[in-house]
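Just below sit the structures, each encoded as structure tokens.
Both of the next two complexes hold subunit A, though its partner changes from subunit B to subunit C.
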Partner chain A sequence: MSCTELAGPGPGSGKELLRANGRSAHQLRSMQCERGPLQRADGSARWCQGGSVVLAAVHGPRGTASRKEDPERAVVEIVFRPRSGLAGPAERLAEATVRRTVEGVLIAALHPRTAVTVVLQVLSEDGGLLACALCAASAALVDAAVPLARTFVAATLAKTSEGVLLVDPDAAEEEAADAVATLAFAARGEAPGDVAPTLADGVLACRSAGPLSDGDFLAAVDLGRAAARCVAVFARASLEKSLSALV
Partner chain B sequence: MGALVQDTLEPDAFRKLYPDQYYARFVAEGLRPDGRPLLQARPTTIALGAVSAADSSALVKIGNTTVMAGIKLEVMVPVDERPQEGQVAVSVELTALCSPDARPGRFSEAAHCLNEQVSTALRSGGVVNLQNLLIAHGRAAWVAYLDLYVLDADGGLYDAALLAALAALAALRLPHVDVDDEGKVVPAGASDAAMVLEDADGQRLSAAGPAGPQPIAHLRVGSLPTALTCALYNGQLIVDPDRDEEARAHALVAVTVDDRGRLLGVEKQGGRAAADAAALQSCIAAARVRHREVASLLRQALHAATVPGYSGADS
Partner chain C sequence: MQLAGQPQAPNIIIRGSGSSLAAASVQERLESQYEAFSEDSFVCVGDIVPTDMQEGFLRGHGTQVVDGQLMATVCGRVERINKLVSVRPLRNRYSAELGDVVVGRVTDVAGKRWIVDLNARQEATLQLSSVNLPGGVQRRRTAEDELNMRSVFEEGDLISAEVQALHQDGSVSLHTRSLKYGKLAGGQLVTVPANLIKRQKHHFNTLPDMGVDVILGCNGMVWVAPNAPPPALGADGEPEQAPPRPPATREQRAAVCRMAGALRALAALYFPIFQATLVDAYQARKPGLVDAA
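Now for the complex of A and B:
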């Protein structure tokens, strides 16, 4: 896709800096999204962000154990499976983050006493995994035609020890970074004729770890929104492509 | 609908029948059902040394939320990749009595999340310099098992858990140990081995190794990270929500800051409301105000427990 390089970065951005992987500081990795790769799920998507690949399957809304169901709304269940081994604390925290993010956009009152289950299987891991999982979940929910108030997209940023903010870091860059932040934004409801998707002002989900100054954090939020907008443009294009293939 | 019923209903019935309207009316008046202003955190206490069997322990209460932290020290062989470092292993348990949702048995999602959040904060704040846990280079090091027990879950679990973990780590004393001729780790000055470690291939642990055993009375913590959970509700910021308020909040933002003014983490796990830059900034500002309160409480507690380096005065 064309929009992987952010336009008009902020002052002192170090845009000209070339990373070890040949990208500039504000350049995303190439994305791929395959919609509906699974036959038995109600909706599915495979989201590739450079070397990180997450396969998402959505089941539901469907009945669930009576202990879990809510008489007034649909509940969201997330299963996040690592590439190998058992899910540990990091995966459980990712599950909680994706669950609350989906709960924020799902029109849950339409299907009381049901559950929407999203299964996220990591196929390959190379940085920015949470953002990749969020994007995969969003695409799979759209594929399953679960009623959503908005869709969402996410992006990852890393602050290097030199103080440069890198967009969409790979695993090596995350490892070396002082701080890593993942930001998710909801796409603003758009009119049918809109050319490009726009994002809501507020942060839907955010997870930063590592020391940052206030200024760095706010810069990361701004840069994260710009990067997420690129992702949203790509997600929109990929959806249009898959829909036109149906006609 | 709320306006119609509120004149004729007893307050208690109004609270039970229309919990959302009940809460919204409080917040509109700048108050909360427990009488706090929106930006006031609950009273907090830190009790060090609550468990005598542990090497270090702390009982933290924030309002009704109660978290117990205990540290047990054991000797391990450092992993090959990091021969100069010990370990801190965090584990969190939500006891079955802490809330109606908690069940005994397997670790719940909440416990796993809390574990990851506390571990991340301790790591990114550089709280424990793992090299301070070294006994002999490549041969022996301390592993600190940091166990957190949530005894009463009334909101703000992460804030309380991080504070309890930090208090227990800051008050941790490392025993003076020697590595004797037999290659065993023994308490300094004692010939019979209370704590014994033999090298995997039977080699002797040498006291004259590159680093040698350096007696450290107290584990000095590198920074004092504290966290504050804020709730976003109808465009208002509500500091340190309790359990009911958390359930009613449109979104929760947890901010971790340390005594060097660094922002160690901002976490917002989705939710109905989005947080714009202004909301995030006010959460960060509230977390800094709260940090001064909590850090001063912690310094006083450490001073009272005669941990060196803490004067008891504010910062």
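Now for the complex of A and C:
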């Protein structure tokens, strides 16, 4: 990462706020998705968002111990492993968020008395980790052919001390920000005649930390939806590419 | 390509054609006979499945009805059989059904049963009471039988078996209670996606023209071996357990490698694997590509 300082408004720069490595305020980092890297898991995916890389593996629906099973629906278990060290309260919080999100899209009543296990391993961290993990989990669930009502995508937003909303912050920007929010949206599939995937109404998951006024929060949701739409377009393109490579 | 189970390999290198070359020639031949699948029959999660203005369709696996429209719940190909509309995922773990013929590898020997790996969601068990003891004797299994389990099947052996029972938690029990099942040696194992092998009448295919036997396991593991001699009849008129076979000749190995190459080409093209398509793929190769140096 080159050491360019934040360029203030100067001659010819317009209203674009340049961040380190030259991104504008609403610009996402480059994304990469590899589907099916693990052979033993039912489904797996590696999602790279800039410097953050998360590997997700899905096992299931498969049998589980009788004390954990639910007689009417499938149980979702998430394991979130940090890059180094043992899992602590932060990882438990991430697990709870991912679990609620997956339960929101999984058709659990189709597989009673089974468990769907999603294991998320952080390979490298550079900001926006929860969103990266959610996208990886979604890609892995699709790869495992687990029946889902919808797929989902996620985006991270940060509010700087100057009050500017940044999309997809890296680790330094997250650290310096006043508030950070991660938002997940369900993606509506394509009907014949659609040009690009769209997002369904409403927010699937929202995890924010730090002070955000009402106006700021709603602006963050709108901006997050726009960013998530770009992520959804990428996810769809990567899925079609991997399917056509298979056949 | 070395064949499994050969004690000493003579100095032969058999170079099969590269899989891309094989795939191209196989594809030409197969597409002339079977209709190619169209690109627009793929759907992803959440896509509306076009029902082609059919009245009264039946909703199958992989779909759900949302707001009166049929939506896919998995990514895969749309299948329309009469009025049934379903979405079949392209790549799915093998899930055992009762009566499936499978090829698996023994991974563990544990109290009165073998644990067999079928490339499925869970490992399968083969109970000691579900195998034929050597000598074909029907008797109660004693403690001595339990101690001698490794003389029947050892860790690392390939076996063909049939699914005997499915338990409530999804675990699978196998049996080898027929002389056609049992340990496999002297051939080559090819693993293909399990979706390509549908349940058929004959999973044990003997192809005398090509000189190979092919066992199509429903779990995607296919065993190719040179033709076995017909089983000798014992004193009571029942077929006996076959004695161990001599090492394969060069022509037999070439035939097995060619058949394995045909299987890999079919898997690369994602064509369903039946005896007919296998024979077509075998015969589609360009002459002179298999060299024996």
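One rule holds for everything that comes next: the second predicted complex is superposed on the first by the 229 of 247 C-alpha atoms of A that agree within 3 Å, B and C clash if a C-alpha of one lies under 4 Å from a C-alpha of the other, contacts with A are read in each partner's own complex, and residues count from 1 in each chain.
Going forward, a residue touches a chain if its C-beta (ideal position, glycine included) is under 8 Å from a C-beta of that chain, and two chains touch if they have at least 3 such contacts.
In this text, all values refer to a predicted model and were calculated from it rather than measured experimentally.
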Which superposed partner A:V221 touches (first subunit B, second subunit C, both, neither): first
Which superposed partner A:E103 touches (first subunit B, second subunit C, both, neither): first
Partner chain in contact with A:R188 - subunit B first, subunit C second, else both or neither: second
Touched partner set for A:L204, first subunit B, second subunit C, both or neither: first
Partner chain(s) touched by A:L212 [first = subunit B, second = subunit C, both, neither]: first
First, second, both or neither for A:S52, with subunit B first and subunit C second: neither
Touched partner set for A:R92, first subunit B, second subunit C, both or neither: first
Contacts of A:T156 with subunit B and subunit C, given as first, second, both or neither: neither
Chain touching more of subunit A, residue-wise (subunit B, subunit C): B
Contacts of A:A179 with subunit B and subunit C, given as first, second, both or neither: first
Doubly contacted subunit A residues - partners subunit C and subunit B: none
For the subunit A and subunit C complex, residues of the former touching the latter: 36, 42, 59-60, 62-63, 107, 113-114, 142-143, 145-151, 187-192, 236, 239-240, 243-244, 246-247
Of subunit A, residues touching subunit B in the complex: 88-90, 92-93, 95-104, 179, 181, 184-186, 200-214, 216-218, 221-222
Subunit B - residues contacting subunit A, complex: 109, 112-113, 115-117, 119-120, 124-125, 251, 253, 258, 261-277, 279-281, 284
For the subunit C and subunit A complex, residues of the former touching the latter: 37, 39, 42-48, 50, 62, 64, 66, 69, 71-76, 89-93, 121-122, 168-171, 270
